[in-house]
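Here it is, the structure in full.
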Amino acid sequence: MGRLSSPQALEKVRDEILKKRDPHQPLITVCGGTGCHASGCHQVVDAFRKVLQEQAKSDGVGFRVTGCHGFCERGPLVVIHPQKIMYQRVKPEDVPGIFQETVLDGKVIESLLYEHPTTGERISTEEEVPFYKKQMRIIFGNNGSIDPTQIEDYIAVGGYRALPKALFTMKPEEVIREVKKANLRGRGGGGFPAGLKWEQCRNAPGDIRYVICNADEGDPGAYMDRSLLEGNPHSVLEGMIIGAYAIGSPEGYIYVRNEYPLAVENVGVAISQARDLGLLGKDILGSGFDFDVRVSRGGGAFVCGESTALMSSIEGNVGEPRAKHIHTVASGLWDRPTNLNNVETWANVPVIIDHGADWYSRIGTEGSKGTKIFSVVGKVNNTGLVEVPMGITLREIVYEIGGGIPDGKKFKAVQTGGPSGGCIPESLMNLTVDFDRLTEAGSMMGSGGMIVMDESTCMVDVAKYFMNFLKDESCGKCTSCREGTKRMHELLTEITEGRGTLDHIDLLEELGWVTMEASLCALGGTAPNPVLSTIRYFRDEYKEHILNKRCPAKVCRAFLKYRILSDVCSMCGRCAKACPAEAISGKVKKKKEKGIPFAIDETKCIKCGMCFESCKFEAVEVQ
Amino acid sequence: MDSSAIDAIIEKYETKSSAILAILQDIQAKEKYLPKETLEYVGGKLQIPLNKIYRIATFYRAFSLNPRGRHEVCVCLGTACHVRGAQRIVDQMNLELGIRPGETTKDRNFTLETVNCLGVCAAGPVVAIDGQYFGKMSPGKVEGTVKKFRSEKPDKKEGLNGKA
Amino acid sequence: MIPFTMDGQPVEGKEGGNLLEVALDAGIDIPHLCYHESVKSYGACRLCLVEVVRHGRSRMTTSCTYPVQKDIEVHTRTEKVLRARRMIMELILAMCPGDKLIQDMALEMGIKEVRFKKEDKDCILCGLCARVCDEVVGAHAIQFASRGDRREMIPPFSGEAMNCIACGACVVACPVDVIRMKEEGDERTIVRWKRTLKMKQCKVCGNYFAPWFQVEKIREQAHLAKDFFDVCYSCRG
């Protein structure tokens, strides 16, 4: 496959690829996403490779390690085509059985199927699994079908069909019109209309303009962009090329977080494969349009997710934001007109151009069109990445897709929008998820991180956690942000360590106000949200810490007391062995000797909880 | 790091001063830290004054100005992991390794770090050692996990659990 | 010149100018710490906040970085602005309670108490020293290091500032006077940057007038003769 010099040549290649693929032939796909890596998909992959190599009957059986499927809780995930049978929590020892029984004999292995949590029914296909049923995976769906390091896979599922359509049948202004009509809003958290941004950038005076993909996904708990870049990098690339054409930009940058080495690698492979085919570089597909892209790695700074700080970083400086009196679309990277969009925003572009704005705008709500990918994590049963149409309620996401709270615990709050967002309590779970509703409630949709919390989460501790994060990540320039986050963290520490007073709550609110109002960028501007929203909805919990010196969730160590119930204690001695402070004493019960129940010396106890963890008899009580 | 190796890295980025971040990252990947002399050399080659290089090297968390340990133990402190008790893992690591986040053990075997999100939230709490992920961690599992990376030739007298 | 209004009065500023300099020229007192006309505006201290009304929308912004524009209404003493300035001053005072200028400014703003744990820092992190050193002098001796609550102003590696020419510009620029310069015998020391340099002696009057390191650097950069600085500035005149 050499350089493609026309859209016809690309279609010819697509036909050739499809001809070589028989959809009725058996194909084994294993999820190669990072979540599955941590669950050990490597060994599963190796086991399959071994079986396929050794077995004579493996001729004609396809094998593919794909991008992230999204159902991270149940990894390693294996899907057998053409039946689309989904096996979850697959172990290497299951592999020979899967090959023999399912691939060769067409039988389903019940024990590897997903079991419905209430009916107990075994569900055999992906689409029927409750986690996937309510999703609408127009962006993320291809991940499971493609090997991200093979451009042929992307072409086979219809990739690079939107690009020739834009380059050869639409003028740049028409592309912008279509994106505006679709009302594509930025998926990185800002929600700014992408088409409008593109237009402003195109019209800004200057002879060179840039496009940037912001892949500095810094919200802790959010990993949608990572999975898109790792699992389907071409979808992002195609979006950028189309955008660059619309804006008139010859050069683009993908700024990827330093903590995502696999994403950096897969994007790099994708870029070089696209270049080989002439989809990047000079005279793309013979259209006369030149565009190429470079990958820039972040240096481990959350603030570099802010657009001006990001650009400063690409320029070789520290990530200190600058005032946006002149917008970056007019003067951005190297003072030239620059259009920056998030990974997911770019990935939406080929879908819009391919299917049309009319089709796209039928999905979602009036003000928020299309779908959004969320990472549903924390105290939830079905941890993973979900893609849903905008307008779905929080309740549907957490309960129907997320499967509710594990271990029979009670839901407490869901944190949306990362460190710039806030906590939504049970009473507001019927809120629809889109750009505007959540902001009214004191949070925001943000980049899509959704952290579910239950009764064992302390909301004051959560606020303290976010302030600790923010004071560390603040660039430190503005007094209001640097000192504001520092002092808010200090006050929250006082409260969680038993030295809080009611005045502290008022002081937190005041500090929150000045941090928000006086700081230069959105980091400082949104930093108080986690504190202010937890005070708004969980004021009683703050008061409990302050007035009664009690942490209802039993998280704040200063208020905990560990006690061994002497009548339950089996005198095994495990707790004493595990105790790092040597605070537990007693006598181990042996065959011929009577033991003495173990007890904790409160003066030595450092409240690490190791005794609680190590006791197999539930004899340790936490108050 | 010898100057020819540094030169090769600088040339890879066409000796552009705007590529300073990438250049330092490549050096950090090889050397495991950024020695003072190397920063001075790079500054000279790229015509970037030392005060700016030092500012960059200390602003970005990816860089370390002190030699790192053989094994990097990274505890994820992302929100999902935090809510699942990641702080206790950090505290247990303090006890197990005798160092705090950012520090390196005296025998230079381990460096302890915390990171703000590894993006492996489903398996939280997560600890990554040398890029290998250990999911569903608990304070009780810390000792066993770290043991795998302790000195290859353990001193028999010291015993495998670090206690004499 | 671009006309607009400030606190109701008509004012004007030159193209590319900022609101703070227009205010100061007009005799309107806006507190500020990190602004100095010799260097680019930075906007770090956040004290010079004002409210700007443009196209019907009002936003609070630092006057030192906001560009002069026509048809804007600038308000320098609204309740919101005063409340913000007071809190910022309190935060700075909590950080550097010993700095006289900060104490005076706080008193003037009516701050009677500091509701936070007092630290014992002296540097207010305005960055003027580094900005002057980089932009005006070109010695590049010091800069901010680290970020967030660990941000500090130090020479590289916290050691001696090896590029420092002991010109004293930072000493003058520092609004809170925490950079001291000492001269003892034939040595000049910028204490804060641990930089001690030997001074060159004038062949005519015998006074120590400039550090050797400094004159050599200037000589080199300006391609001057070896004996160019053998006579001091006063004797030459």
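Here the chain labels run A, B and C in written order, and each chain numbers its own residues starting at 1.
Keep this in mind: contacts are C-beta pairs under 8 Å (C-beta built on N, C-alpha and C of every residue); 3 or more make two chains touch, one makes a residue touch a chain.
Everything numeric in this text was worked out from a predicted model, so none of it was measured.
Among the chains, the centre nearest to the mean of all shown protein C-alpha atoms is found for A. Counting contacting C-beta pairs between every two chains, the top pair is A-B.
Work out the mean CA point of subunit A and of subunit B, and you get 23 Å between them. Note: centroid distance subunit B to subunit C, computed from Cα atoms, is 36 Å.
The centroid of the Cα atoms in subunit A and the matching centroid in subunit C are 42 Å apart.
Shared interface positions of subunit B, defined as residues touching 2 or more other chains, are 55, 59. Within subunit C, residues 144, 146-147 each touch two or more of the remaining chains. Shown for subunit A are the residues that touch two or more other chains, namely 301, 318, 473, 475. Subunit B meets subunit A in the complex at residues 16-22, 24-25, 48, 55-56, 59-63, 77-84, 88, 91-92, 95, 115-124, 126, 131, 133-135, 138-140. If you check the complex, the residues on subunit A that touch subunit B are 34-35, 37-39, 72-73, 75, 217-223, 226-227, 258-261, 296-302, 313-319, 375, 377-379, 383-384, 415, 418, 449, 451, 453, 457, 462, 465-466, 469, 473, 475, 578, 580, 608-610, 613-614. Every residue of subunit A that touches subunit C in the complex is listed here, in rising order: 301, 303, 318, 323, 325-326, 471-480, 482-487, 490, 503, 507, 510-511, 513-514, 517-520.
Across the interface of their complex, subunit C is touched by residues 36, 39, 49-55, 58-59, 65 of subunit B.
Considering their complex, residues 130, 134, 140-147, 155-157, 162-163 of subunit C touch subunit B.
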